[in-house]
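Just passing along the structure, written as structure tokens.
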């Protein structure tokens, strides 16, 4: 489903990723761990093509996204739900509109939107905040709105960059269980996270980055190498 | 040092804080915990007067900040270092300039700034990123820049809103130890956090909020009530 | 696009106008002011052209008729003169009428001319006052007249005509240059302002792209928003210019009854159309072009 | 403020101009264009006033001298006329000179006037052509002249003067109104644009306040930035207007040598000063006032 082939990404003088190779199968769930600045966000950004690799190929669903034509990028992105580390909510749209927007771009009808959006907001526990604007939300509420937007289209791939960083442990587990449920239904998932407890408790595949290189790729992994 | 007297804060229909009373002594360190949307950020915002309470008094250093005149607010804020939950770095200033700005407003000299800022960036592990703009930093790096700005003036009070949410456990502990060190030197500290492991390991005072009310105030507290 | 998409485009444009109230207001007022200034200068320029033409139309060439031509033949002469290209009309002034005029000019010294009443004694000649379609024809018409049988002499001061033409030409050109400059300034300022309002939302455009919006999906609401801003501003400017012109025409014709000034209609109707088209085009183009810069995400 | 603070203010303003390159460019060009248009209209208006005055200065009143006044006494009369308020000069035209002029007017019919050379036969009178300080004095001067001893008759067509005055007055007022409108538009558009650039940075202003900056600390760099934007734009506009005026004056005086047009200096020097002051004031005020809205954090 997702393959990195000799991928390097250099920003000016900073080497964010260095010669990364890995393959993530359809329906897999991968935790991406590593210290601050290791290159986790860069890894996800290459998949939905916010960035293009300096060298190498990123193949998503059989296509090298680095070589993709500009016009095709939106269609790639519609297959991928993304929870951005900094949320990236649209500031002058309400929570409902933010989530609905991800459906609108796919050409969904009003009726579908009005059915699906409240459902998803209910799942992340934001049903009563649908009319609020992002600046009227707490940090954790914004994060959950970002999660809702990422899952609303039932994407084939879900990239979550630190999706529980602003959540208390109980809420974090709630969101995690939601994501696990979606993964069970077949969505490929890459979750960059620092939530040691969650990673350790679930024992799923873990890819550990350090200074832009993969230092560990374990099938039933934990947060810290033993 | 900080006293909340019958404080309520209402946003439209949302009651963010309800009749909160508490006293935090000089040099104390308090963890503010509670689920997403409990009112932790609102609690801190009232102290540095980003918001004024709907009812009640917030007394900081002997002054009711709710009644403070507009001209005096900057001087209150210079006594208080704040790590904002969303960082609030200035987008068109470099890391160095962002940290330096907090010193500039106090009227510090160029020489003091050039001595102190690299020192603080070193403490948070950002020495090599001082020329980077915020959008060129990883999430954790932005968070550490925010911490650096909050501590650069050696403030009498430090409010940290989720200061380790975007940090891996090791880096998070590094930052936490830095804050503990600063607290040992006499700075009063309020840390809103979801880092259960840190709160549990340190056994310091914990104030737990839920739906805007204090549900627990424990001197040697842990994250979850037992 | 399907019906739903059009609904989205309209809804989105309107919501954006409303939620970015400050910026919308700033751009509408800028559009309105720019177009109003353009409209005023345009009205002034158009009227200057009109006045120039009016003044030029006052130029005439006087042709003295040969003494041998009898009165009956002058009818024929008149027809031939009026057939010349550039001639609007030819007015016959008999030698008797000419004498009357001279007397009037002499005023109380008219007794000097006593005794000339006798047709035989009248030393003046029949003449035609030839009115032109435009002052630029003066030289050509004068030449033609001189070659004409039955015309003895042509009175025509090319230096005076040239002077006049130089002035009216300067007025025409000046007006045109001014309007052109102002039109360019208007286009520039309006699109500059709209560019600033789009620039303020560049991050939002980036986010939209990141969640899978196509360029078109983002661009259409901006297009429509720019169009609405432009049309709104143009309507305000047009209304202001309309009322202003009414007022000025009233005041001016009261103060200077003889002033050649263009009627309100169809001038103002055309102006209104022009402004609306201009506002719509600059607004829509401005915002669409500006947003393109931020679509490369 | 201390030295360090001034250093900060300057550094900050310059950095901000540079780092917000797009917005700085947009506002400088807007300022430049607005002020250039204002400058052009101002130059046109000033020249129209000048032309109006020139035309008005051509109005004269003719006073015929009583036949009983001898030539020696006319000197005294001339002095008395020139002492009248509103009179610029009085030019004596003897009856002989008047006859010469009449003959010239008659052209080839001058033989009609033969025999009038004899001083006794000359029916014309000595006269003064009285030039005025302004056309508005015509009626008053004519009245004074009529009451004057030694003046037999005054020739003065108040209707013509009134017509002329109505036109020149309209030109003056029109120019003034246009300049006033344009000045208002300029102020509005420039401050609107600057407001937009400040608006785009409102969150940054909020952050600055949250880390303890006083209003003044934030406002001064904005003040200076606005000032620099305004002055830069004004300099560009001034230079453009300067070169444009040179060109126009050259072209016009070549095409219409007799045209009354103002010399480049001191006009352009004054204009440049005016533009710089305007740009500085609007720029500095605009950004300072705009930023105030976002300081309430």
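Going by the order they are written in, the chains are A, B, C and D; count residues from 1 in each one.
Just so we're on the same page, contacts are C-beta pairs under 8 Å (C-beta built on N, C-alpha and C of every residue); 3 or more make two chains touch, one makes a residue touch a chain.
As the structure is a computational prediction, the values presented were derived from the model and not from experiment.
Undergrad: Starting at subunit C, how many touching-chain steps does it take at least to reach subunit D?
TA: Minimum step count, subunit C to subunit D: 1.
Undergrad: Shortest hop count from subunit B to subunit C along touching chains?
TA: So the least number of steps between the two chains is 2.
Undergrad: Return the chain whose centre of C-alpha atoms lies at maximal distance from the corresponding centre of subunit D.
TA: Chain A.
Undergrad: Report the inter-centroid distance (CA atoms only) between subunit B and subunit D in whole Å.
TA: Averaging C-alpha atoms per chain gives centres 62 Å apart.
Undergrad: State, to the nearest whole Å, the distance from the C-alpha centre of subunit A to the C-alpha centre of subunit B.
TA: 28
Undergrad: Any idea how many Å lie between the Cα centroids of subunit A and subunit D?
TA: Here subunit A and subunit D have centroids separated by 67 Å.
Undergrad: Give the residues of subunit B touching no fewer than two other chains, as numbers and ranges.
TA: Residues: none.
Undergrad: At least two partner chains per residue is the criterion; list those residues in subunit C.
TA: Residues of subunit C touching two or more partner chains: there are none.
Undergrad: Given which chains touch which, is the overall layout a line, a ring, a star, complete, or other?
TA: Shape = ring; chains linked end to end, path closes on itself.
Undergrad: Hey, which chains are touching each other here?
TA: Every pair of chains in contact is listed here: A-B, A-C, B-D, C-D.
Undergrad: Contact residues on subunit C for subunit A in the complex?
TA: 2, 4-5, 7-8, 16, 19-20, 204, 207-215, 217, 296-297
Undergrad: In the complex formed with subunit C, which residues of subunit D make contact?
TA: 22-23, 26, 29-30, 33-34, 36-37, 40-41, 44, 109, 112-113, 123-124, 163, 166-167, 169-170, 174, 178, 181-182, 185, 188-189, 192-193, 195-197, 199-200, 252, 255-256, 258-259
Undergrad: Touching residues of subunit B toward subunit D in the complex: what are they?
TA: Residues in contact with subunit D: 48, 50, 70-71, 73-75, 77-78, 82, 84, 88-92, 101-102, 104-107, 109-110, 149.
Undergrad: Mind listing the subunit A positions that touch subunit B in their complex?
TA: 11-12, 14, 33-37, 40-41, 85-86, 136, 138-141, 143-144, 161-162, 165-172, 194, 196-197, 223
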